[in-house]
Every structure is written in structure tokens, then in C-alpha cells.
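All chains are identified by letter, namely A, B and C, in their written order; residue positions are counted from 1 within each chain.
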Amino acid sequence: MKQPQYGRFLDDFHIGDIYHHPWEVTIDDGMLAMFAGSFLDPNPLYSSSRFARDLGFRDRVVHPLVMLNLALSFTVHDVSEQAIAHLAYIDLKFPNAAYSGDTFSVYSEILGARVSESKPDRGVVHLRTTGINQDGIVLVTFERKALIPTGTLVGRAHPEIRHVTNKDEAGGGAVGSGSDGKHRLDSVLPVLPAELAGEIKVPRWPGRPLGCFEDFSVGDVILHSSGHTVGESEHMQLTLLTRNSHPLHFDEVYCRDRSFAKTRVVEGGLVFAWAASLASRDTTANALWEIGYDKGSHSAPVLAGDTLYAASQVLDKRDHNLGSGIVRFKLLGVKNEFPAGLLKRGINLFEGKFEQKVFEIERDVLLAKNPLNRRH
Amino acid sequence: MKQPQYGRFLDDFHIGDIYHHPWEVTIDDGMLAMFAGSFLDPNPLYSSSRFARDLGFRDRVVHPLVMLNLALSFTVHDVSEQAIAHLAYIDLKFPNAAYSGDTFSVYSEILGARVSESKPDRGVVHLRTTGINQDGIVLVTFERKALIPTGTLVGRAHPEIRHVTNKDEAGGGAVGSGSDGKHRLDSVLPVLPAELAGEIKVPRWPGRPLGCFEDFSVGDVILHSSGHTVGESEHMQLTLLTRNSHPLHFDEVYCRDRSFAKTRVVEGGLVFAWAASLASRDTTANALWEIGYDKGSHSAPVLAGDTLYAASQVLDKRDHNLGSGIVRFKLLGVKNEFPAGLLKRGINLFEGKFEQKVFEIERDVLLAKNPLNRRH
Amino acid sequence: MKQPQYGRFLDDFHIGDIYHHPWEVTIDDGMLAMFAGSFLDPNPLYSSSRFARDLGFRDRVVHPLVMLNLALSFTVHDVSEQAIAHLAYIDLKFPNAAYSGDTFSVYSEILGARVSESKPDRGVVHLRTTGINQDGIVLVTFERKALIPTGTLVGRAHPEIRHVTNKDEAGGGAVGSGSDGKHRLDSVLPVLPAELAGEIKVPRWPGRPLGCFEDFSVGDVILHSSGHTVGESEHMQLTLLTRNSHPLHFDEVYCRDRSFAKTRVVEGGLVFAWAASLASRDTTANALWEIGYDKGSHSAPVLAGDTLYAASQVLDKRDHNLGSGIVRFKLLGVKNEFPAGLLKRGINLFEGKFEQKVFEIERDVLLAKNPLNRRH
């Protein structure tokens, strides 16, 4: 009798191991529609073939948070199917545009695996994950940390690890070889796709909303009015669509005994995407690229039926070229109370912990300048 | 600190203003599948590339109620995100076929904005909305009325209105210039796409069900046996997929205080689409075109968990050409009770109000004649 | 006043009748994504265009259980919309690959219709169903049995049956003419698509998981750890997406009085697909083809909120060619308890009935041999 198990316990991880995750998925328009049915984002770069082509891309670009969710979920089978919690997002970048029709696969390199000093039954695994298309072009890369029980997983049904000695085989030499285990929290190098390398001419867009580069000032706090109540089927469908195999998200019998919340918990990557989408009309409608996310973490679980809200703070901004500039935002996700209500009750939204806070991250966004200003 | 708000209050509307709504969306097969997962419709014009091509179209045609839902939802950001209720559908037409791959955008012209005489805290906004593809071809156009609070919206985060002086710029001269503020309730001019302009040869369809032009007689009442219980995730996903941004449909915290139903309410355009799809096997399986809808209104809210039913009445019919004729139906939507049960309790389904009634509209449908009859 | 009814009662069926079911549907990427959002399957044949092409197919292959669900659901309108229960799956085969873009239609031949001896108010209808693409190529074929009330359906809104005298007209001569009413339970002839007719060279797949032909031994019992809690919207969306028109699955008002479970019941074809997908990581990640399913039946209903699990038993295995072999599995579906827990309580999972058992079937799978072994 066999009971195959997936994921790993802490002692199963070895620094330098590279896992080629089993999922290989052709991204399609169905996937984009299912994300569009949950994450309202006005940016036509992701929704309009016409706009994206006029901007210089081959077609509308797959939303970066679809790519993050796919890559994160693909790793679960090998890395975190036994994990207690997902701890941190570090140095998340989208070096090239992803398109519907691309066949996506993902590999991860173990950067660290360390037993907790205070709780020796668990430890932190640190890894860099990289997602590539059928030509080996890197579409997304990030580091993350997860909390994993110590010990060795019995019944582990994985193939043996094939160590990749020549990094080029992994399909992403430059990025792979940069995974040196050092956090790159202070990375400010914009990583832009080739299509945006030169001067940028923002295409005509009759319904263009507010929110160009000029509209943001350092220190601005924006309380986003949009909320989203998470549907039960909705979050399970998105979790499985991205091939996340952790039972915490879709197996209620497992969760009764083994979930810290005693019920199914919404996948972290989706909470991240909801925070970003709830902020999108006020901040990134005119984004030309998500340059990178960093210092991201989840501070409380989200369950089906919870209502999510978001707030943003402008941390920094600097000019990029004639048509665009970079704004650094802090993005916050909270649940079940309007950000304005929290603020009124004296809570400092962007510092420290509070009960309603579920997520925070920093992001660098390349924003179009207002094309009307360029004529003055 | 900013709290950007969308939609408008009554005093923000000015007759003649044209809003170019911000959403620009390439319609894709994913969108069609998500609609097919909620709205059962046997008409192969919308589901079969083979059939649609044999009829003369380039590909299967996007379901007209997908187009209505997209166009209606696109307007919410500018028009009705603060609305109390959606009041009426007027003169809804589908002048050209929409296809998967079309990039869809929408603009609206304000035809009226009038304070209520009985309740001066609200008023009625009347507008014509037009949806076009990437070539400016009009795919859908309709007028609607919405109930909006009086006053001016504070924190409104819209771009300035750019008045379109040359109507051609709006991409739909003929239709735009016809928006003269007069209701065209009595319009009976069939608006058919070019593909159906001449004689129509209905393609072979081995499984063709009953319901050709000859099968309907003026005065017929049809109680449709199909019902549909609305799923919580289901209606929210469809609402966001079409880019409807009114929190009434997907933000439970907002709804607790601000929804007239104290909970999330199903979007009207979806209720419309359910009524039509529940009637489809009995009435429009052999439809060649939805010529137009008119005199539509919602009479009660629908919530997740409600079960919808439909009934139809044949108001009129007339010959069109050798292969087709036009039938005018009244379409009724009710909730939580079979139409037959309501009738048994003495309720006049097609006149006046009753508790279970949620929707009514009139429609002109171009129906194929029975190809077997043509040989006699 | 008309109240059109669909499906048939027992006396409406006549041996030899052929129904061309009305649904004609172009399979699209949206449909594939919606299935991927519920049924986690690592096999890249169904998800990766790159892998499928390298194996010799034109594109990624539509998952066989999508095809089963479409074909089964298409028949409901004519066959089982009034059925009490679906009883059995017999001789289910997938003779050719289905692709996104294929236009799918289905016909069924009545093989038997017999009143129950113990309960004369009902009887068993036995039929063979065949699904074809736009070129008449058979994509799926199976027999099934359903329990149907005796009598004649009043208000039946079907077209007259057009008897197909020349079987070739039905688009699938070979299969149609083989539908002679004899069960073919013992069929062991592998039915493989032309692409797999010769020697098979399994494409490179960096993340290839365990579970090649060599890894299974006759008698093996595999308790799959994956579970799936069925979402309410989720199962209704998939039911309608496949055009299943039985109100048992999506009409709560109907179900209150007329469902044996007093509420909506999850469609059997979906339970089948969940059992197979929950087993997929442990058994069919390396499958090259689903040769056939047989002796399938449902033993208890599944409701929204139930959690499904699966177990497999290796019944037989035999060599096929240099690159592949055939494994016969028994596949079991249970609800709301881990298979391991049931076993611990002394339940014989693969024999007889027990409360948690919802589904069983036998399957022949063509499995790749481990490419690494071939070098030795």
C-alpha cells in the first residue's frame, strides 16, 4: 500500500538543489478571463490587444500577478505542500512580457534551509524561483521564504533531484547565476522588457483615467474605495487553475484538523493580487510596467467571505525618460473594514501590525507621463 | 490623503457630455466560456464556428447579452458607480456581429439628468451607450436610465470630460448622431448585420430543436421549465469579468450599510441574461439575430441563492423573407417560484407587479423558418 | 399556454432510434481553463502545447474527461433530463485526439429500454453515445444506462426523430455499426490515436514526476492524498459549461421537491473527473493515452461542500512497445473521509458498498516507460 506525499520537510532541502517543477502549462485566454473575473484592473496593457500592440508589444501582456501566481503555485508540489506558512516575497521581477500561448515552466534553487532557534520543530526555507517560456526566456523571478516542519517526509513521491551543473541548461543563465543567496532588497535597477527600452510613446486611449506619473507625490496616502468579498468557489478555482496543490486551500476535511484556521485559507498569491487590483484604478491604470515588488509578507489569513480592501503610500518617485517615470508605492491589504475607518480609529496603516492587516509589499511601477503635458 | 471616488452624482452630469469609458478589453474565448458556464443557450450561432460560418459569419458570434453586459458594465465607472438603481433598458440593438478577438470599448452620451419631483435627493440620468470594436464598428447600442443621488461627488477621480465636437471621432457617427434624446420605443426597423442582409440559407444542423418561425402564434404564452439558482462566486465573477465596478455586487462590507438589500445584489444585466437564457431552448434556439430589445426594467432585486425562471408571450409576428420571420416576445423573469405555480395562484404574469417578478422586456427576434417546410 | 418539457420517459424510447443532440459547441481555451480550475492534472499532454507537439500531436489534447463530460451532458436534453439516476458507464473510449477549436457534436443510439421488474414505475434505458468533430471524426464513444420513469412525457418539445438509415450519415460508420446492443465489457483492444500508432518517443520533460510504467505492480493499492471540496458555484458552472440541462444540478426550487437528496446534486460526470484528477499525480502523470474506461458506476450522491478523495488499485499490466505499456487500474472515489481512515476502520475499499463510496470504474492507461531506463 502506497500513500504518496508531496512537498518536503526541512531536512529534505539542500542548498543548491534545483527543482524542475512538474507543471508545464500553456497560458491561454481562458486563464486570463478567469483572472479578469476576480481582479478588476483598468490597465489596457493587460486587457487590450490594440493598446498593447500600439505600445510595441506583440499582443496584450499577461498580467504580472498571473505570472507570480503561476510560478508560486508551481513550486508547491516540490517545496511547500507541507509548509506551515508562506513568509516573504523578495525581489520579484518580470524581465520579459508573457503572452497567451506561451508554454510556462518553473524551476527553483534552494538558497537556504535553517531550523528555527525558538521552535526547533520548524524552520525557514529560502529559495529563488524562476519561470520561463518555451524558449527559455525568463518571464518572472523572485525569492521567497516558507515555514516548513523539520524532519524528512515519509512517502515522498518525487523524482530524484537532478543537479544542474551547467546553469545554462536551466534555461535562464543570467538570472540563475545571480541567485547567490544574498537578499537584493535594495535593488533599484529597473528591469524593463526590450519593448520599453527606448523612448516610450504612450498610445492613444480615449478613456484614459487619472493617475499618470505627474499625479503622485512622495508621501501621498491613497485609501482605495474598491473592496472585494472573496467567493468560496472563486478562490478555489484560481488556486487550482495555477496548479497550487496545497490542501489548505481546497480540502475542508484536511483543514478541519490541520489548518491553523480550522477551515480552508485563501492562497497568499491571490491575496497579493487582490490588494494590487483593488489599488489599480487609483495607482496603476497608466502603468507601463511593474518593475518589481519587494519586502512582501502576509500578516493574517484570509478566508472565503472576507472582504479585502487596499491602501497605497507613495514612498519615492524619480524620472525615467521623456514619457515615463518610476513611482515606488507601499501597498497594503486589509480585511473586513474600510481603510478610512481604520485610520479614523487611530491605526497607523503603514507601520506595525493590526488585526485587519493581511498583506504588505513595496513596488516600483513605471508610470506613463500625461501625454497632454508633453505638448506644453 | 486621497480617497478617490468613481461614478457621479446627479449634478455632475451635463446633457451632451460624452464619456469614453476607461475599459478597453479584447473579447476572448475565456470570456465566452465563463458566460457559457452560466447561461445555457442552444443556439449554435453563438457556440459553433462551423454553423456560424455556414450561415455567412466569419466565426461564431459573441452572444448579444455578453455584449450588453460588457457595455453596461463599462459605463459604471463613469455613470452609475454611485447609483441607487438601474431603471430601464431602451432601444437595445446589435447592429454588427462581435467576434472573439475584437477589442471592445464603449462611450456614452448624456441625454438627460432630471431631479425627481417626489424625492429631491435623487434624480434620473438618461444616456445612450455605444460599444465599438477596434475599427469603430458599432457592436451594441442602447439607452438606459439610472437613479442617482443629487449633489456633486467629492473626490471624483475622473479625467476631465473631453467634449467630442466631431461625432465621427467617437467612432460611430451614424448611431451617435441619432442619439437625440427622444425615446425610440416604437422603433421597428430591423437592424440586421450585413451577413444577413440578403436571402438566408439556414445551415444544416442535425440536432435542430423545435422553435422555428412557424411554431409561434400571436398570443402564445410559454412557461419555460428551466430554472437557475444563482451561485455566489458565479455572479461576482461575471460582474467583474465585464468590468462592472459597483460595490453593490461584490463588496459585502459596503452592502451591510449601503445596499437596499443589506447584502450583495446580483447585477441587473446578468438577471436579464438569465431570463433570456432560461427562455432560449423554447424560443430562440433557431434565432438568426436578436434584432432588438426595448421597454426593459427590473422590478425586484436578485440575490445569490435565488432561483430564476422565465416566461415568454408572443406579442406579434411578421414575415421577413423566404427563410426567416420576426417574432416579438415579451420576456419575463421571476424568482423562487415556477411560472406555472404563479399562474395557478391567479397572478397575471405579463401585466402589473407581483412579488416574484424581477424583470421584463420586449424583444424582436429574427427566427429561421423550418427548412423542411421550404421543400413543400 | 405551453410548458415545453425535455428529456423522455421510458415509453418514448425505441430501440434503434438515433438522437442528434441539439448542442453543437466549438471547444475553446476557456473551457479548458475552467476545467483546469477544478481538476488538477499534471500530465502535460493536456496542458502543454510544447510537450504535446513533441509527442506528435497537433497541439495539446483536450482532456478525455472534458470530452466525456461534454458528450454525457449533450445527451441529457434528449435522454435523461427526466431521469431518476445515471447508472453505469460502459466501454468508454477516446479513439482520436480532440483539440481546442474543434466543433463538437454528439448523437446517441438507443440499445435497450426495459421496465424494472421490481419497480414497474421505472426502467433502464441503455444507449451508445458518440461524439464527433466537424469532420465526423469520432472523439469519444461510450455506452451508458440511466433509470427513467415509465410513461410518456407530456409536452415533449423535441423534433421528430429522423431515423438514420445510412449509418455513414451519422458521421461515424465504424463505431455506429458496432453498437449492436451487446455489452463489450471485455474489450481489451487498445484504441489509440494515429499519433501513437508506432514507436513512441517520450519528449523531454524536466519536471517529470514518478509514475512510469515500471513503477506499478499488479496488486498495488495507492491511497491518493489529494482531496477536493466541491464548490457550489464551481460545480454548477461546469455542469452548464458542458450543456447539461438536468435541473437536479442547478435548480434549488426544483430540487426541494424532486431531488432524492432534497437539494442540488453534483453531476456524475464531474464526480468521475474529480476521482480521476485526484488520482492523477500518483498514477497518470506519465500517461500517453487513456485507452478506455469500463464498468463504471455511482453509488452515492455528492453535494456541494462534500470533499472527494480517491484510491487506485493496479489490476493488471502488460507491455505495449519499446516506450510504453498498459496498466489497468480500478479507480475509486469516496467522500468526506481519507481513504487511509476508511482502511483503518476495516473497510475493504475495492469491494462492495460502504457509505462514503461515491464512484468506481476500471481504466486502461497507456503509460510511458521511464526514458532513463532505456539507456541501460
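Everything that follows uses one rule, which is that contacts are C-beta pairs under 8 Å (C-beta built on N, C-alpha and C of every residue); 3 or more make two chains touch, one makes a residue touch a chain.
Quick caveat: nothing in here was measured; it's all calculated off a predicted structure.
Visitor: How big is the rotation relating chain A to chain C when the fit is done on Cα atoms? Please round to the nearest 5 degrees.
Guide: 120
Visitor: Would you kindly state whether over half or under half of the residue numbers at the chain B/chain C interface are used by both copies, giving same or different?
Guide: different
Visitor: Using mean CA coordinates as chain centres, what's the gap between chain B and chain C in Å?
Guide: 36
Visitor: For chain C, jot down the residues that touch at least 2 other chains.
Guide: Those would be 28-31, 33-34, 231-234, 237.
Visitor: Which of the residues in chain A end up touching chain C in this complex?
Guide: Those in contact with chain C are residues 1-6, 19-26, 28-31, 33-34, 77, 101, 103, 105, 107, 134, 157-159, 231-234, 236-238, 240-241, 243, 245, 247, 250-254, 264.
Visitor: Which bits of chain C are touching chain A when the two form their complex?
Guide: Checking each residue of chain C against chain A gives 28-34, 36-40, 42, 44, 47-51, 60, 100, 205-211, 220-229, 231-234, 237, 281-282, 285, 305, 307, 309, 336-338, 340, 343.
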